Every structure is written in C-alpha cells, then in structure tokens.
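Heads up, there are several structures right after this.
In what follows, chain A forms one complex with chain B and a second complex with chain C.
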Partner chain A sequence: MSPIPAPPKRALLSVIPIAVILFVLPLLIAPYQVTLLAYGLIFAIAALGFNLLLGYTGLLSFGHSAYFGMGAYAVAFIVKYLKITSMEVFLLGGVLASAAIAALFGFLCVRYTRIFFGILTLALSQVLWSLAFKFYWVTGGTDGLRVPTPSLLGVQNPAGEEKMTFLAHRYYYYVLVIFLVGAAVMWVIVHSPFGKALQAIRDNETRAEFVGVQVWRYRWVAFLVSGIYTGLAGALWVPLNGLTTPDILHWTFSGKIVFFTVLGGFQTFMGPVIGAVVYNYLETYAVGHTVYWQMVLGVVLVLLVLVLPAGIAGTAGRLLLKLRRAV
Partner chain B sequence: MALLETKSLTKYFGDTHAVDHVDFSVAQGELLALIGSNGAGKTTLVNLISGLLRPDSGTILFQGADVTAMSVHDRIRAGIARSFQLVTVFDQLGTLDNVGLAIFAREGKTWRLLSLANSDHAVSEEAFEMLREFGLEGKASLSAGGLAQGERKLLDVAVAYALRPKLLFLDEPTSGVSTREKAPIMDIITSIVRSGKITAVIIEHDMDVVFRYSDRIVVMHEGAILADGTPDEIRRNEQVTTTLLGTSPSQ
Partner chain C sequence: MDVIVIHSLNSLLYASVLFLIAGGLSLIYGVMRIVNLAHGNLYAVGAYATAWTVGRVLGGGEPSLTLYLLLPVGAVAAAALGAIIEPTLLRPLYKRAEEYQLLITFGLLLILEDLLRFIWGPYPLSASSLFEALGSFSIGESVYPTYNLVVIVVGGIAAAALWAFIYKTKFGVILRATSQNMRMASALGVNVNRVYMQAFTLGCFMAGLGGAIIVPQQGAVLGMGVDALVPAFVVVVIGGLGSLEGALLGALMVGVVREFGIAFFPEVELAVLYFMAAVVLLIRPAGLFGRA
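Up next is the complex of A and B:
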C-alpha cells in the first residue's frame, strides 16, 4: 500500500482554536481593539493574495496597491454614482473591478520575472495612483471619497446605532467570516494541482515548461487570483475606514503589503496572515506613541531582514522543530 | 519509418556551428546513445528537438509530422520528453509531488484550482508506483531538495518518464554522480525504458556506459554527425576512436 497523504484533518484541527478565539475576542476586548483586529484581518486577506505570487509562484509584486485601491474605489464609485449601500454589491463590484485590472496588468507583467516584473507592477500601479490623484472631479482627488455604513446581507443598520458598535460587532463578524472562507479557499488553491504547478514554476521555470506547464498562463491566473483577493480586501476596507484616498493606490502601500508578508514569513501559509495582523498593531501603536514611527518600522524591517529572514511564522516553526527534537 | 527524423537541422551561435545541417533519426523502440566531445553539439541538438531552442533552418519530423514550429507544450503532448544535464527537479516540492505534478500535467489536471492534489488517489498511487520503479519509494515524503545527487538524477528521469513519452531524451543521466553509482542508475533507467517500450536517446560521456547499454550509437563532432552504428561498429571505427577516444582500435 502506498502512503497516500492523509486528508487535511491536521491543518483543520490547528485552525479551529484560532477561529474560536477570533469569534470570542470581540466579547472580551474594547470596540476600538476589535476594529484594529478587523483591519488586520482585511490586510491578511490582501496578504494571502499577495503571497500566492511571492511565496508560491516566486514573483515579487510592488504594485498590489493597484488591486487594493481598485477594490476600494469601485465601492466608492458604487456609492457615488449608483447610490447603492449594500455590502454584497460592494464586494461584487470591488472583486470585478480588481479582477479586470489584475487581468490586464497581469497580462503585461507575467512575461517578465524578478526585478523587471517588480518594476513593471510598480509602474502600472503608479499610473492608477496618478489617475486617482488628477481626476479629482471623479475621484475626489486627495480629499478622497466617503463611503457610508453599508447594509449587511440586506439588513440596514438600525437608526441611532453608533458606528463604532456596528464596526466592532456586526461588521467585524462579516469580515471574519469572509476572511475564514477566503483563507480556506486559498489553502485549497495552494494545495491543488494548480498550486503545485505554481510552486514548480517557482522552483524551476524551464523544467516546469518541460513537464507541460504553460508557464505564463499559470502565472497570469495566479496574478488574477492574487489581484482578486487584494481587491476583495480593498472593498472590505473602505466601509471600515469610511473614506478612500489616493494613498492606498500609492506604491508605498504596496510596500506595506510586502512588509507584512515578509514580517510574517512568506514561506509559510499562515505567515502573511500573522504578519498583517502584527504589522497593523505595530504601525497603529508606533504612530500613537512617537512622531518617529516610520523610524520604528524601519528598524523593525532592518532587524527582520538581518535576524529573522524567515519571518515570525518561519522562525516560530523552526523553534518548534528544535524544541521537538530536543524533547 | 523512423520515430523521429531531422532534416538538415541547423543552429549557429554567432560563428559557432553548434548543429550544422544534421540528418539525425531515431527508430522506434531503440536505445540510442548520442556521444561526442564537449561542444560537439549533442545538447544543442536535443534542445532543438525538444523545443528549448528554435533552429535556424531544417525540419524536425516526429511520427511523420512536422513539429519544427511546435511549442514545447505541444511537443510534450505529441510524446517528446526530456531530462536535463544539470539536475532540475522541483526542490521545495516533495519527491512524490515532483512525479505527481508530471502526471497531473500529462492528464491535463493542472488547471484544477479547487481540489486538493493529494485527494486524487489515482495520481498519488501512480506517482508512488513510479517512485518504487526508480527505487525512490522510501523518499516519497522528503522534499526533492533534500535528496542525494544520484537520487535527484533518478527523480529527474522519473519526472520525464511520468509524462509517458514515446521518445525520451536523457541528457547525461549519470553526470555528477560517483563512478560506483553510475551502473546502478543506468541499470534502473535502461530496464524501465525497455520494459516501458519507450524509445530513448541518451547523451553520455562515459564510454563504458555507452557501449554497455545502447543499441545504436551516433557520434557527433563539431556540429555534424561523424559516425552512426552499433556499438561494435563504432568501436571499430578508426575515425571515431582517434577523434573521440584519442586511441587507436587496437588499444
């Protein structure tokens, strides 16, 4: 009998406690803390998408702000021009818009690799940023566009309910469910035959070609899926933030996505998720405590590259392995 | 009819005539060795036939059909597979996954995004069976990057073999392994190739290996075919022995 690998029971078992904690946490911590966690989970969705390219396909994008911003602006346009405030319509619009732009940009970018790929993704995202910046009569320019509290699953927010209460409860759970489903789907994708093909491309492009994998088509689909995840995150982010400005289309926001993916560890599935949540707290507290917060983040980044190149998840995994061997 | 035939196949790199009007053919079912000194054009010829390089001129016929302009992907579909001189396995994937991926690709299943690879038991079973044939079943769960050089060589061949090709090119399957390991590796490869009724072309430097395992030998020299014959004929060919082996037949 061959040792057919067991179904993903073990992976599932390790996720259940985390999911339970995420469900119970809003009952225990202050509403503001819950919204921070919601931000973290939203960035985690973006990071999961981003890491399909970096960790699994071996492509470093410096332009993921484009898809995040596209998701966010699609929502703002839906409010501005269609006067619709349904969250489900927001998500649909955000996903379709980011998918369209990812399909186009991906088509142009995936024929290149390494620095050429990175620079091209960056340049294309900057085009979107400049459009959002210049066409102020459409995009609101630097003032941005406001997005009101949406209805969730057709249920309007009761009149008089505080926005914070809404965000820290109903909206948090909405985000949490989408995050869990999104993470589960991504987990399946990276363990699917398609995911294996991506990893083969990452490990050796030429050899993958000679196994019959049409490299650029797979990269393009990976790019598309990656863009959709990031766009979904953008659409979820706007109602939480209440406002979208060109800042989230700027390449420095792409840099943040890279940052928290590296912080968490791009060689593991959970790394980017952990990195996104941790980064969000780190930035919030650094901004709150010192005007030199960018320096704090800079030092963290330098330390990360020098001391923990495997990121939080990668390093924790190694420590656990050592511990197990020692016992 | 020959399984594969090249007609006046030519590839120049600047002034270097890497492959110069070569008429090369492979008959169905044979195990052919392609030999020659470094720079003779062996690997370039295989690169042209497998689609890694485009020829400057000439045609490639596979099973009578012109495949000269075909993409790599279509050539693999037609039944041409290869391994590489420098080992090229997927290091971070598991050993089983390396072979499994080739099977998924062969069956057109690599576009499945929403099903787990290891839930396809037919593919896992076949991949494991293939590892067993290559003597790698004990390494199934290791990542390919952690294998020893000889094992990686075998895995490289196994990945190509898993595509179930009609014609398999093996570019120096024993390079970089110790002399002691060469015979076992070649024994495994040749027995699998013969039992699978695959036509194979092996590029090899080790003359012991070449003479012992091949049905026919084609000798290349400076981009052209110098000689073509059975091992006995090649051994007796004076032109070959002086240019290639640097010895006379009596030695």
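Up next is the complex of A and C:
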C-alpha cells in the first residue's frame, strides 16, 4: 500500500481551474505575453526543484545557476557538435548533464549546512561560469551559443512559420505539459516518505538521524533531484531564448532563483511557482520601463524580507485563514 | 628575473586591494555573523566617490601632492553608507534565519548597483591623472608604475593598523569579546548594537579604502563591485570566515595564483581560484585560520 496520501479534494479542485486557464490563455492574449508566461513556467520548474532543497530540506543553495546553465549549455553543445535539433534529445541531454554535475557538486556540498553550504555551492558554480567565460572557442564566450527552433516529438515545424508563432503556441503547450507533469511528480516526492524524511532533517537533524534517517544520503538525493529539475528548466529555456550566455551560470542568476522562491513563499508547495511567474513579469516590466530595474527588484526584495517574509503564497494563505475565521 | 619581480609586485598589488575588501567582509562576519553580499558594492562606492572628488577638485589642472590626501574620501563615503545601512536594514534581521540575512544583502547589492548608475551615470569614471603623475621607475629592462607601490604600501599600512586596532586597543578587546560571545559581552555591559554598527562601518571603510586606492590605477566602472565580491569570497573561504590573519594569507595566496595564472595559464586562472576555495572548504570547512 502506498503511504502517499491522495491529494485533498479541495487542492485538486483549485488545481484544475488553474490548469484550464493555463491551457486556454494563449487563445486570449498576445503571443508576446504567452512567451512571457512560458518563461515564467520554466522558471517555475527551476523553483520547484530549488525549493526541494530550501523549503523541504532546509539548505540554501547560492549555486543553482550551475544546473540551469548546465542544462542550457548541454543543449547548445548538442546543436553545435551533434547537429541534432530534436527537443526530446535536448531534454535528455540537459537532464543527464545537470544530473551528473549535481551528483558531483552535491556529493561535495551536502556534508555542510547553513552558510558554508551556501558559499560552497556558490564557489563551485563559479568554476563552471569561469570555464564558460574563458573557453570561448568551445562555449562562444560572452557571445554565447545560438540554438535554433527545435522539432517537437519528431515533428519539424513548417518552413516559413514565424518563430514567435511557434514559441507562443506549440512550444508553450510543450512547456506547459512538462511543467504540469513536473509539478505533479514533485508533489508526490514531497509527500512521500522520502519527502517526510527531508522535512524531518530540516526540522531536527540529530533526531532524524536517531530515528534512522541517513541524513547525508537523503540530502544528496534531494540535491540531485533539485539539480535535475533546474537543469530541465535550463534545457527548456534555451530554445525559447534562442541563445545561451555565461550570464545564466553566474552566481547572480542563482540569486534570482532564490529571489523568486522567496517572493512566492518557500514554506508552501505552490509558492515558488507563483513567485517564478510573478518575478518574470516584474523583471520584464521593470527592464522595459526603467534603466534602474535592478533597484526596483532590490527594493522589492528588501521589503519582502522585512515585511512579508512568508512571500505571496504564505501571506495570502494567512489572510484567507483570517477571513475564514472572521466569517 | 625582472619578469618574476614584476609579477610579484603585481601579486602584492592585487593582494593589497583584495585584503582590504576581504578583511572587511571577514570582520563583519566575525563580529555579526552576516555574510554581506553587497560588500563588493561598497568597494565600488569607494572607487566612484574618490574618482568623482578627484575629478571635481582637479578640474583640468595638474595634480598636486595634496590631491593624494583626497584618496580616503571614498573610504569615508563607504563608511557613512555602512553606518546608515546597519541600523536600518540589518538590525531587524539578527534574530531571523541566516537565509533572510543573505537575501537582504542580495537586495542591497541590486539597489547599490543602480544607485551608482543613478548618481554617477553609466560611464566609467577615472582618476588616472593621480596614477600618471607619479611616473614610473625601471626594473631591469622594464618600467613599472610608481603608483602601484603606493597601493601596496597603503595595503600594508592598513593591515598593520587594523591588527593594532583589534589587538592593542580597548575597542578591539570589546570587538573580539562580542565576536566570541555576543550574549556574554552584552551581559557584561557592552552595547552590542553599537559594536555591531562600529564593526559594520569599519568593514565598509576598509572596502571603500580598497576602491579608493585602486581607482587611479583602474578607474571606476559599473559591475566592479559584483566582480570583486567573488574573489573576496574565495579569500575568506581560504583564510577562514571571521579571521583577519586568514584574510591576509588568503589575499596573498589569491594574489599570487591569479597573477601567475594570468601569465601562464590564462584559460583556467579563474577556475583554479574557485577550485582552490572549494578544496580548502572540503578539507578544512572553517578555512585555514577559522574556528568552526
């Protein structure tokens, strides 16, 4: 008998309308808006993975750019050296590459917690950044590598079709399906005995060890899964962006992943997803409207930490609870 | 032989600036247990403030010796900024989880980055007249700028002064006591809030000084703060978070590896640095001089 509980009815009931909206939305809004949403969903996949470490295992990584970038560069290398443009091969390559690097880095990092874990992940991710930056004959240096429109499920898109049309329709749905499956799998993971063990480690490492949880191994597997999700996001991101540059390997990109996870609220399952989508809109509009967009984001982050540490989802949840009690 | 001398001098030059940044970072962590991700930006503030002041005073004229006395302006500007930041943004967070402290300094990094752009515009500032006015001297067949020696000397004096300050003054005793046991120090009548503010201001002063003395040689550009932070991280990781001796040794190691790295294996120079930090962390998580 599987000990994984069936999702509560109310949760399912709220998920279905959201999924329906996500499916219908491209018919209603402009193609550009759809691609923005696709970016948001891709970041949401990375955030789900990231939050397995931060929210469920209690480890703050400042080096998740490494796995996102590894997924992205793996795709770029597949195009450059193998001349393959199948999206499924991209995903496989991205996942394998990020899994390999996450397995290695995780092996090195999970012995540490708190601030040392953060700095070690940061330092290791910077190794990859500097390699991408310096080996320009392989990685294109700061010019990056271009990635063409891929074929989806073996179907080459018709010649003459505009890239925007492809991205805003077929590619969006491709991303959406992977996002929904990924979120469902993550839901199962965090509600499985494995997920419960991670939360036990987060809350009290010593007690978890005493009841027989192999802390080190559980953390390593969580790190691996987290890296794979982030790498998957990286692989999905490249065709959308059309280009991969060392920026996505830089530690400030890791900072962004932390940012949107906290923005949404890392103590809830859906929080990071909401945070990723909202953050993407926030950044896009800030960049579009002012050269001082970093300041806008910085002020939002500072206010968030000082005033709303529970993030969007956490705060909304609390407000709902209050409302329900008041009624 | 000349080449070795020049590379060694360059290593010392880089190590001096790096020590000023990393020393401040380490001091702040040692006393307050906060890793300040915005620390590189305070270094940039020092560089910009000095370059702007020197440019203002100099106008189009020739630099005089008194102009060199304006160098510390950047350090004072960074210190003033630090004195504002600590009580307003950091103080509310001491009782919260480390994650939030890291996040708020990351937010601060984003804000300061654009504040520099807002105040001084997107173009680089330079104070190179100070660099050029000192001329150069010859080492064997090559020439070497005299100003670089000034930077090395200032770095050395700063390290010595800081050591004397922390180990030979009453304030230093209070600082070390607070660093070792904040509650006990507080119980003995130390005003911990004030010590925290002083430590943070001192750390910012050092970062600002680093920026101020290097700006005649390199100029001030946007992004210099973020670029400076990670090498400074490498230094404190190697030396041990919270240890000034460690920061000094780490800065020298990184200075040497980087300089000779650029000269002999430029492709992997940065990777070797980060790798060095990772190896030290794995073997001695608390760093060479750190206490776990």
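In the analysis below, the second predicted complex is superposed on the first by the 318 of 327 C-alpha atoms of A that agree within 3 Å, B and C clash if a C-alpha of one lies under 4 Å from a C-alpha of the other, contacts with A are read in each partner's own complex, and residues count from 1 in each chain.
Rule of thumb we're sticking to: contacts are C-beta pairs under 8 Å (C-beta built on N, C-alpha and C of every residue); 3 or more make two chains touch, one makes a residue touch a chain.
Values in this document were obtained by computation on a predicted structure and should not be read as measured data.
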item: Chain B versus chain C as contact partner of A:Val89, first or second or both or neither; value: neither
item: Which superposed partner A:Val291 touches (first chain B, second chain C, both, neither); value: second
item: Chain C versus chain B, contacts on chain A by residue; value: C
item: Which of chain B and chain C A:Glu209 touches, first, second, both or neither; value: first
item: Chain B versus chain C as contact partner of A:Ala103, first or second or both or neither; value: neither
item: Partner chain(s) touched by A:Val299 [first = chain B, second = chain C, both, neither]; value: second
item: Residues of chain A at both interfaces, chain B in one complex, chain C in the other; value: none
item: Chain B - residues contacting chain A, complex; value: 50, 52, 71-73, 76-77, 81-82, 84, 88-93, 96-98, 100-102, 104-106, 109-121, 124-125, 128-129, 140-141, 159-160, 163
item: For the chain A and chain B complex, residues of the former touching the latter; value: 2-5, 7-8, 185, 188-189, 191-197, 199-200, 202-204, 206-214, 218, 221, 225
item: Footprint of chain C on chain A - complex, ascending; value: 54, 60, 62, 108, 111-112, 114-116, 118-120, 122-124, 126-127, 130-131, 133-135, 251-252, 255, 258-259, 262, 291-295, 297-302, 304-306, 309
item: Partner chain A, residues of chain C touching it in the complex; value: 35, 37, 89, 92-93, 96, 98-100, 102-104, 106-115, 117-118, 122, 226, 230, 233-234, 237, 241, 266-271, 273-275, 277-278, 281-282, 285
